[in-house]
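Below are two complexes that have chain A in common, paired first with chain B and then with chain C.
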Partner chain A sequence: MRLELGNIYINDVKLSDTTKVENGVLYVNKEEMLKEIGGDEHIKSIDLELAHPGEEVRITPVKDVIEPRVKVEGPGGIFPGVLSKVDTVGSGRTHALKNVAVVTAGKIVGFQEGIIDMTGPGADYTPFSKTHNVVVLIEPVEGLKQHEHEAALRMIGFKAAAYLGKVAKDLTPDEVKVYETEPLFESVKKYPDLPKVGYVYMLQTQGLLHDTYVYGVDAKKIVPTILYPTEIMDGAIVSGNCVSACDKNPTYVHLNNGIIEDLFEKHGKEINFVGVIITNENVYLADKERSSNWTAKLCKYLSLDGVIVSQEGFGNPDTDLIMNCKKIENEGVKTVIVTDEYAGRDGASQSLADADPKADAVVTNGNANETIVLPPMKRVIGTTEFVDVIAGGFDGSLRPDGSIEVEIQAITGATNETGYVTLSSKGY
Partner chain B sequence: MSKKIVHYINQFFAGVGGEEKADIKPELKEGVIGPGMALNTALKGEGEIVATIICGDSYFNENVEEAKATILEMIKKYNPDLFIAGPAFNAGRYGVACGTIANAVQEELDIPVLTGMYIENPGADMFKKSLYIVETGNSAAAMRTAVPAMANLALKILKGEAIGSPEEDKYIARGIRKNYFAKERGSKRAVDMLMKKLKGEEFKTEYPMPDFDRVEPNPAVKDLTKAKIALVTSGGIVPKKNPDRIESSSASKYGKYDISGFNDLAEADHETAHGGYDPVYANIDPDRVLPVDVLRDLEKEGVIGELHKYFYTTVGNGTSVGNSKAFATEFAKELKADGVDAVILTST
Partner chain C sequence: MVKEIERAGIPVVHICTVVPISLTVGANRIVPAIAIPHPLGNPALDASEEKSLRRKIVMNSLKALTTEVEGQTVFEE
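== the complex of A and B ==
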């Protein structure tokens, strides 16, 4: 499967009467966009605001972040099974608007929405301080239950990204990257001497409000299976969860998964990157056992020499991570796991809820409990009224002057466990 | 002006004598004695040992409280900028004494401290979490390498400079995790680590697996019909509106609430503060997480003796092992004092 990904670099976003891209500037017709993404009966109001890198702006509570993309050639459309029909995606050509993100925000759904600061110390911790953000502020109708609220927000976010992505369809990309994965036997024939490497992609599926969707299927209900990496670049996997902001994978990160990109860098040269095994993080022990048995089985079946396993969330999924690692290693497949830590605010506690000597190659994306003081910002998009109760906040997090003391757990993407960020942690 | 240091050594390194003199009480001497001389030289005039305290290892370990009190008094009057104990190498009792007194100086006098030991010295295990312990060889023959390492760390502490990693500054890892921004993003580091692992090259994990603290379950309760049972949860059930504002994640506290007036928890009176799971079903019926209704039934049926008047609750989500241990240490005493025979611990 071969995908051409055409990147169009955007250096500014402005409101205008037509939605278009000109000279690297994305112009957005607010009225038209709101009309296109609105209409959900569960939603009282939707508004748009823009936030640019370096501005004194705080966005919170943030639910999802999504990159605008559009399918240009090849079967299917972006977000198959969710916005588009369920055609198998990942081949042909896709265009992406780079440096731009749709950010969904508004009244809190669960406890786990995040904060994005566009400048100051908090900006260093979130990858989304570097993107021009089109913030969709969504207010639900009175009395809406969390499940419907989450679903409504999720869909509006995808629609918003698809709406903006459409303008990229007829543009000439600034660069075109080609990603190709051959069918297994062909790739082994083509690269007989290269080690076969896979990626075990753990998806957050701890339950309602903690779900991820694959081609529209709730990933709680899947058994581990194999995807071409480029399917994921076309939105085969989307976020539907409110897990702690620091280490959930926003849809943006699924589309731009760093492990997939960095494995492709070496594909055909140092390794044969044969594909992605997706698995879940269900809460029942039998599910954990079954899924980790199956990831190990698939690794063996594909005769892999090495895999990278990434986690999403923390605590309960630490057990899935360790089960996957242990069982895959037991199949003789060399494993590296990617996670983050909850070592306490003082950094002195055990970082994971499970451990095993087989997990001897760990990449950590930082201790989520470390605290930070975020100075007041001139403008808040959304509201800071939930800062004390979101995961990572505590009583008194929001100070009278508008500054916020929180664990970095509350910052969107701070300790992302696909290694999308540079934050890490060391023992002292 | 050079900074003041008080140094602690045992009878052997003071040249008083070996095992036969291990029972000597703490003595205070002005200036340097024994290994202090080499340390002083290595400090290059930026720090100076102004006094040395000598104590026998047996005396210290057999009279800990008295020895500690006497030594703290001796140190106090110098108001030093740093307190150094040892190095103790692999001498067990000396290592424990160095760790104990250094810890006391740090805690009670709020003066920075430093010691040195061999990694297998029992004192190292006891105190590495709370102290900087320079890693030394296992005998006094390693003094040559121990002194410069201790002097280096001493100067950093005296000057208020940032302490480097255990490798950089040659101390025993304290197990404290600190964040930093790496040069490469995590995904790239993971791919590079995998390449090394595949090639059989040396690689360095970023998080060495800890020795896991597993708890053996207690034996079964012999007679449930007479047992007083308490409910404890990490599922975050609290009275409505979360009166003590227990955090939705990374809890810094726990709550203790009276359930004597409840036969059944309901949406109107209880809810969950937990941010790590879907709260909808727990909020509709909090008994799903804290089964007061079922325990009341069992109480009536005589299956259990009684349900304890209070339940203890916190949020397990992202809460450190350190905090969890501290909470339970505190309320387990109360449970025992209240005559509770067994606890049902519910999660989420």
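== the complex of A and C ==
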């Protein structure tokens, strides 16, 4: 499967009477966009604000972040099984608007939504302080159930990204990257001497607003299966997560998964990147056992020499991570696990809820319990009234002067477990 | 908590969903629970079925509490 990804670099976003891209500037017709993405019966009001890198702006509570993309050639459309028909995507050509993100925000759904600061110390912790953000502020009707609220704004976010993505269809990209995965036997024939490497992509599926969708299927109902990496670049996997902001994978991260891109970079040179095994993180022990058994089985069946395993979220998914690691290692396949830590504010506690000697190659993306003081911002998009109760916040987090003391857990993407962050750790 | 109470000389049964974590942490008597969001019940069942499920977990736990163990033991039903 071969995908050409055309990147169009955007250096500013402005409101205008026509939605278009001109000289690297994305112009947005707010009225037209709201008309196209609004209309959900569960939503009382919907509005749009822009936030740019370096501005004194705080966005919270943030639910999802999405990159605008559009399918230009090849089967299917962006977000198959969700927005587009359920065709298999990942081939042909796709265009992406780089440096731009749709951010969905508004009244809290659960208690695990995030903060994005566009400047100051908090901005260093979130990758989305570097993007020009089109923030969609969504307020639900009174009495709406949480899961309906989440579903409504999830769909609005995708529609918003698709609306903006459409303008990229007829543009000439600034660069075109080609990603190709051959069928297994062909790739092994082509690169007989290179180690066969796979990626085990763990998806958050704990339920109760902690969910991920694959071609529209709730991923807690899947058994582990194989995807071509480029399917994911076309939105085959989307987030429906209100899990801790620091280490959930927003849809933006699924589209731009750094592990996949780096494995492609080395494909055909140092390794043979044969594909992605997706698996879940369910709340029944039998599901955890079954899914980790199957990931190990698939790794062996594909004759892999090594895999990278990334986690999403923390707590009981630590067990899914360790089960995957242990069982895959037991099949004679080397593993590197990618995670983050909840080691207490002083960093002295055990980092993961589970452990095993086989987990001897670990990449961590930081300690989510570390605290930070975020200074007041001139403008708040959304509301800071929930800061004390979101995961990472505590009683007194929001101070009278508008500054906020929180664990970095509350910052969107701060310890992302695909490495879409600047934080990391070194062993001494 | 399981370990501290046992250290004081009182046997403990740890009812938990994620048995591997309980094994890692060092509980001696482990009874598997239903699921992480509802360890001691199952909202998919009707009231009488659920009561019977709950009773089974409690009875199994009492049995575990009164069983001599040598090392970590998981009491499957």
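As a working rule, the second predicted complex is superposed on the first by the 424 of 428 C-alpha atoms of A that agree within 3 Å, B and C clash if a C-alpha of one lies under 4 Å from a C-alpha of the other, contacts with A are read in each partner's own complex, and residues count from 1 in each chain.
Convention: a contact is a pair of C-beta atoms (placed from the backbone, for glycine too) under 8 Å apart; a residue touches a chain by one contact, two chains touch by 3 or more.
All of these numbers come straight from a predicted model, not from anything done at the bench.
After the chain A overlay, clash or fit between chain B and chain C?
Clash.
Could you look at A:D124 and tell me whether it touches chain B, chain C, both or neither (first, second, both, neither)?
A:D124: touches chain B, not chain C.
Mind working out whether A:A368 is in touch with chain B, chain C, both or neither, as first, second, both or neither?
first
Counting residues of chain A in contact, which comes out ahead: chain B or chain C?
Of chain B and chain C, the partner in contact with more residues of chain A is B.
Just to be sure I read the superposition right, which of the two partners does A:G392 touch: chain B = first, chain C = second, or both, or neither?
A:G392: touches chain B, not chain C.
Pick one for A:A355: touches chain B only (first), chain C only (second), both, or neither.
both
In the overlay, answer first, second, both or neither for which of chain B and chain C A:L285 touches.
Only chain C; A:L285 stays clear of chain B.
First (chain B), second (chain C), both or neither: which does A:G207 touch?
both
Is A:V103 contacted by the first partner chain B, the second partner chain C, both or neither?
After superposing on A, A:V103 lies clear of both chain B and chain C.
Should A:G306 be classified as contacting the first partner (chain B), the second (chain C), both, or neither?
first
Between chain B and chain C, which residues of chain A are contacted by each of them?
Looking at chain A, the two contact sets intersect at 206-208, 316, 354-356.
What residues of chain A sit close enough to touch chain C in their complex?
206-208, 283-285, 288, 316, 318-319, 322-323, 353-356
Under the definition above, what is the set of chain C residues touching chain A in their complex?
Spelled out, the residues of chain C in touch with chain A are 17-21, 24, 32, 34-37.
So in the complex, the part of chain B that touches chain A is made up of which residues?
Counting only chain B, the residues touching chain A are 129, 163, 165-166, 173-191, 193-195, 197-198, 203, 205-210, 212-213, 245, 247-250, 252, 274-280, 316-323.
Could you list, by residue number, the parts of chain A that touch chain B in their complex?
Listed in rising order, the residues of chain A that touch chain B are 110-112, 124, 145-147, 195, 197, 206-210, 244, 257-259, 261-263, 265-266, 270-271, 305-308, 310, 314-316, 334-336, 338-339, 341-352, 354-357, 359-370, 388-395, 407-409, 416-428.
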